[in-house]
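Both complexes shown next keep chain A, but they swap its partner, so chain B is in the first and chain C is in the second.
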Partner chain A sequence: MSVETRRNLGTVRLPAGFNGLLPALVLIVLFFVVPVLALLLRSVTEPEPGLQNYAALLGDGTYARVFFNTFLVASVVTIVTVLVAFPVAWMLAIMPSALASVVFGVIILSMWTNLLTRTYAWMVLLQRTGVINRTLIAAGVIDQPLPLINNLTGVTIGMVYIMLPFMILPLVGTLRAIDPMTLRAAALCGASPFQAFRRILVPLSLPGVAAGGLMVFVMSLGYFVTPALLGGTSNMMLAEMIAQMIQSLLNWGLGSAAAFILLVVTMALYALQLRLVGARRMSGGL
Partner chain B sequence: MKQIITGILAGLLATTLLATTAAKAADMVFTSWGGTTQEAQTKSWAEPFTAASGIKVMQDGPTDYGKLKAMVDSGSVNWDVVDVEMDFAIKAAKDGLLEPIDFTAVPKADLDPRFTTDHAVGSFYYSFVLAWNKGAVSGEPAGWADMFDLKKFPGKRTFYKWSAPGVIEIALLADGVPADKLYPLDLDRAFKKLDTIKSDIVWWGGGAESQQLIASGEATFGQLWNGRVFALEKDGADVGVSWNQNLTAADVLVVPKGAKNKDTAMKFLAAASSPAGQAKFAESSGYAPINTKAKAEMPADAVKSLPDAHVDGQINLDMNYWAANRDTIAARWYAWQAK
Partner chain C sequence: MLLDYDRMGWLRVALLGFTALVAGFLLLPVVFIVLLSFGSSRWLAFPPPGWTLKWYQELFADPAWLDAALTSARIATMTAILAVAIGLLASFALVRGQFAGREILRGLLLTPMVLPVVVFAIAIYAFFLRLGLGGTTIGFVIAHTVLALPFAIIPIATALEGFDKSIEDAAIVCGASPLEARLRITLPSIRIGIFSAAIFSFLASWDEVVVAIFMASPSLQTLPVKIWGSLRSDLSPVIAAASSLLVGLTLALMVVTALLQRKVRT
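Let's turn to the complex of A and B:
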């Protein structure tokens, strides 16, 4: 360790008990940093040294479409998740605590159920001969089955359902921290309920929305099972493409390059988020 | 600090020891695709093999070509015998990922030459057949061309999702290419034909999915592995099947380069490809034996449901062509699918 970094560390002030964190740090370096570097190396050395893998990925229409799909799905999923999670989180925040812990239990329990099982359950519900379409047809609402699966709709429904807890939990934390008196004060000053919501509640809840939104967006970027099962081939996302390159085509150079691009984009988003919201407010939100 | 490092080292050491003892508990490792196929392989090959030789076989899976390559590249090969698709086996042999088969240990004389190479012994062979849900389809599809006839047969049709021998050939046959003129594949023509029904295709990624799609009527008809149709029929599902121009392909057994128990692996291959092993497996899976003597050991009604009973008009998918063109076809296939 050079003198300079030593001084830097000094100004940051190592938290008490830093030595206790060392094993974790060693673990992260050994099992995360080193493999990531190996991945980067592979992406510029296989099949031969050079940047041809990156050129192939960025210059090809198919790959561009997969990148676009990935961001489209992640964005749509994040927006819908925020819209669905907000009322749930607000309800949890103002509920009597005994009832709230029961609802929390239900939400957490859904996270413990196997992901594949839950995704298959959606297949049964959403397919053309599935529960939803059959019910609607029997009720005379529609006469042709709605296309709910093998498209963006299916992917969005399946992923929002899986992502909801990751949005609700940080949001409840933020919403609970808001002093209810601020809303009462707004009402006393003549604000309509909607104005109070838009001008008081929404701005104050933003750190929670940002924290949860980022988590959902980043997790969605790397999602594999749900898009593969509920989406169509034209909804292919990056993770599925990478798996294909690594597992069946054995094109590790190209797969590594794609994985590295995904990693860089994710990191960049995270950095942006830190700047916009501020690290302290974000961790406060969590 | 010193304590911490000692702690980490002790931990790592303990893990390594545990891993080694776990591997020692078995004498060799067999890897396949899981599901009913691997169950049948365990019952028909591994269990009798262990009973006869005392050699313990550990089951692992599913087969993952990326993992296989990683094992060979890193020199730490945990798999001794692996069930893979034949076109992959030919390509992998060229890439130096496989051990040559020791035919002094594995009797070759009765093995179907279509599915035997220097680096692979057949596992089983199967046909892609046209299967339909009798309740959902109007009339009786007669051949591949009907899968492209949206007027006569409206509704969703299902095809195998991955780039592999099969769908391209079906499109060409449906477009009127004679069976003996299939290769080299005219990809432009195939994709143009597939474009005509693209929005009505539901893709299946695995055998169970194909069964679910047909049994539920989600897809009215499709291209299925004959063993999966066989299982549907056994379960009493109301399915019809056409063997017209059925397309054969095979899974083969290979030994990864540097496998730790190579000699044991060869003995296992001999047992798996023996008439008895092949007959037993074929009977429980509906897939065809690659040992020509196996049928004599099977019940007559089981033989009737094999692809061997439908050689009239049967077409052998060209594994060598696919092995040579796997990557180029895959690139076009996935680009076309993503459009």
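Let's turn to the complex of A and C:
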């Protein structure tokens, strides 16, 4: 057997330029795909083979509440984030660049600051005796402290705070890509500013809004830290429930099944988003 | 004239006002926490009755905080090195390779960024318990590298896509070996991408809470785990002091990034 043939037998033939992917693929398959699949296997084998974990999760009112609440929080957070982000992205897209870089600096600082630090700050700001309540009472706006924490309000404020950069940054790109001439043309043809906004600016920026909004929604669905610290026990979200099932109750079967439900919903929405923007453009947010 | 900054009239005033409000909202917690860390009230009253450095003294007097910070720095540094090395190799293959299923593989490598961390956290926790890697530095580094890899690949691949490969080919024509051309021509040209990848993957590990909560053992705690534990027991101002130091680190990283970007432009 010649050296050449032996080499061909000994190595699997890989396509040109593929080798560089091997370390990454080994890492991801061995320490991501395999553990996640093993977890899913647990959801149908523990405590005994069968689908009873899923039946328990989907048939019980307590769990149904958690699912409902997760979708509720994610929806509210997404809507508020879109409404707040749009005007800011709009201004950032057309503002003089010196001014815009100041605003970008603030956004990056907030985004890069440690997640727990930001959440801790909101806990202190929003608590019963916190700055916001005291200021409002001192100003005579309210007599009793508002319940701003351990409820939907607290989670929404904390989550919108975290999600805003992820919505604003890609949206600036979308808005910058719109040709200002289209709006000038609309004005020349007699459109009022409101009509131009509703019939030109909004439709043209819709792909960016949809992509960003979907990303915020998906991230919110599985969020753990902020809801766990700013939310209340009565409006627990899915990620926290999963953590509790594993960490405190050691119920691996039920916890894995809940994790699988979260995974399927997330991946389905991710696939939808890939269709909207394409895998390459996903990186725009960084 | 909705996209003409100079001809928007009152609308510009309204939108600028709103943008300023949102910028204030984004800045509020960061500034607040730094001010609070110098406030003398144990109950976090604001404005503080007086100014003090005692929370910083308390922070530095407790070896558990320093220990946690050093553990985090060690794990994040190893994670960043691994993620950048693996991400660099993968990016070359993803950008330049000619093979079917490239987009699918790209999607697979970016999945850890999208999958809810809590799902990965319990999966890797269970897996490492079986392998005996739970609560070990190597376990932390592996888990964090999985999470950091997308943040390494995205900036490097983007930089590589913007690099004209014919320059590398020219170096080879002029007698450089392919490896030499890559090391001496291509890598320096995409260094900003590599540098961003290093910062992002460092931060991905340094800030990571969820996997860390599951993986941590009493003898191996990262900084976020230590903060998480303190947050759950009380809202002590010592956390504000620790947080302010983290804000300082973020600012330092931002300044370094901005300076490097400016250097490249000029």
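In the analysis below, the second predicted complex is superposed on the first by the 245 of 286 C-alpha atoms of A that agree within 3 Å, B and C clash if a C-alpha of one lies under 4 Å from a C-alpha of the other, contacts with A are read in each partner's own complex, and residues count from 1 in each chain.
Basically, a contact is a pair of C-beta atoms (placed from the backbone, for glycine too) under 8 Å apart; a residue touches a chain by one contact, two chains touch by 3 or more.
This one's a predicted model, so the numbers in the text were calculated from it and none came from an experiment.
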Combined model on chain A: chain C and chain B, fit or clash: clash
Contacts of A:98 with chain B and chain C, given as first, second, both or neither: neither
Which of chain B and chain C A:139 touches, first, second, both or neither: neither
Chain B or chain C, by number of chain A residues touched: C
Touching partner for A:28 - first (chain B), second (chain C), both, neither: second
Partner chain in contact with A:117 - chain B first, chain C second, else both or neither: second
Which of chain B and chain C A:161 touches, first, second, both or neither: second
Partner chain in contact with A:150 - chain B first, chain C second, else both or neither: first
First, second, both or neither for A:246, with chain B first and chain C second: both
Touching partner for A:42 - first (chain B), second (chain C), both, neither: second
Touched partner set for A:189, first chain B, second chain C, both or neither: neither
Clash with chain C (superposed arrangement) - responsible stretch of chain B out of 80-88, 116-124, 188-196 or 206-214: 206-214
Intersection of chain A interface sets (partners chain B, chain C): 19, 22-23, 127, 129, 246-247, 252
Chain A residues within the chain B interface of the complex: 19, 22-23, 26, 61-62, 65-66, 69, 127-129, 150, 228, 232-234, 236, 241, 244, 246-252
Complex contacts: residues of chain C adjacent to chain A: 1-5, 11, 15-16, 18-19, 22-23, 25-30, 32-33, 36, 43-44, 46, 85-87, 89-94, 96-100, 103, 105-112, 114-127, 142-143, 145-146, 149, 151, 153-155, 157-158, 196, 200, 203, 206-207, 209-210, 213-214, 224, 227-228, 231, 235, 239-240, 243, 246-247, 250-251, 253-254
Complex contact set, residues of chain A against chain C: 15-25, 27-28, 31-32, 34-36, 38-39, 42, 84, 87-88, 90-96, 102-103, 105-110, 112-125, 127, 129-131, 134, 161, 164-165, 175, 178, 180, 183-184, 187, 193, 196-197, 200-201, 218, 221-225, 229, 239, 242-243, 246-247, 252, 255-256, 259, 262-263, 266-267, 270, 274, 279, 282-283, 286
Residue numbers on chain B that touch chain A, as the complex places them: 1, 4, 7-8, 64-67, 69, 95, 156, 161-163, 202-203, 205, 216-218, 326-327, 330, 334-335, 337-339
